[in-house]
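Going by the order they are written in, the chains are A, B, C and D; count residues from 1 in each one.
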């Protein structure tokens, strides 16, 4: 199964007055995880939207395990949840580079809609992508 | 039970290229909900932290039901989950002003830590606040 | 001349690890200032865009005079610079409520474009608005 | 003179409802530019702050020349302005990768303060860094 890992670095703009990363910003890294996951599969979210397919978010969850600090280098690991039909679900783990246990875990669920924002079935090219990511031995 | 409702307005900086609010920004409104909830109880999160008590977030979840748009007026309804011990949990509903069904629902869970960032029991003044919010008939 | 003043409150999500507001967030308040300025003139930026007129930003400047802190109540004062033709310029001052000297000053310049993102002359209804704001004795 | 160039990619969270990058987010990229500039000189802003030296921002300016779009790859070019004494000034240019003309230019000015947030003279190690960046032939 493809697990894609994207690298990010914490900036001051990500932190808050408690001296650690503000929680809402983890969801920006989840977005980066999804984007780089699609790129690793040979496409991009931009390309998908240009084909008239959009994946608006329907649910987002994050468990904050260890605080992230300014200048930390993060690895955002992204996998697809293959059990989900009629939309997509991504699972994430955020690691500080070098750490073996994650600093955060979470998921996002997405509907599949057309340019008119109406729900559609995930088109074949997207289902094939998902299948490839699940059965690849990378 | 006290349900506090804070009013916010969507700005361009909250929206994204899909023409609706970017999901991570809902968690900013949840923060505003918590802040105004404490204020409605006669204190403030600032006052609580000045007493050496901090409530770092341990989990955050949001379900995005209806898209929010530029210039929408939002009501963020905040309640405390009275069943939770050893920390705090807040439940949120976001409504577009005038709507009867929520545009989003969610929760945040928080640990209770001291100035040294170590876990502490919620102090009596905080437990009393929670109790007041639950048994008030406001 | 109309000087409009909008009220905002600093949240944790606005602050950074240095314990004060992260500088980029001042530009969000400038946006709120512009929005409330138009509302004070009897219209809204949303209404203006629905007439096919957009005001994308071409320059932004801020001078940070006194640090802003968590839970500060801010007043964002917005005026139009009447000397500017072929676009719009807004001047801002941010005060902590109760302070007589500003915590920040700044400006934003805006082009005037149509729905096709091409430059247009500011339409009459917008010029009239500006004139009203300058010669009103409010 | 050292001109450092950092690479970033535009995410949905950076864009706004007009379909382009929200202006306030350019200042986040300027921050990334400064951070990578210091790293290119063999130190880091984190290391500088650990020596008790902070560079809070006193002015920020950006000129928005060409709109930036979702998934654009950006190069943030950062130089130091060697004429400035008693603080630091950085000049920035943001390019879409492959473009020869910048999409944005700007600057930030910074005071130099100690851990107690009082103004100090830039210490020797920082002045040496600046000198190295100006007279290096990299």
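In this text, a residue touches a chain if its C-beta (ideal position, glycine included) is under 8 Å from a C-beta of that chain, and two chains touch if they have at least 3 such contacts.
For clarity, every value in this text was computed on a predicted model and none was experimentally measured.
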More than half overlap in residue numbers between the two sides of the subunit C-subunit D interface, or less? Answer same or different. same
Need the most distant chain from subunit B, centre defined as the mean of C-alpha atoms. D
I'd like to verify one number: the distance from the centre of subunit C to the centre of subunit D, where each centre is the average of its C-alpha atoms, in whole angstrom. 25
Subunit B to subunit C, mean C-alpha position gap in Å, rounds to 28
So, in whole Å, the Cα centroid of subunit A is separated from that of subunit C by 34
Shared-contact residues (touching 2 or more other chains) in subunit D: 12-13, 18, 20, 24, 27-28, 31, 70
Within their complex, state which residues of subunit A touch subunit C. 12-13, 15-20, 22, 24, 69-70
Contacts from subunit D onto subunit A in the complex sit at residues 9, 11-13, 27-28, 31-32, 35, 44-46, 70-71
Under the stated contact criterion, what part of subunit B meets subunit A in this complex? 18, 20, 23-25, 27-28, 31, 54, 56-64, 67, 108, 117
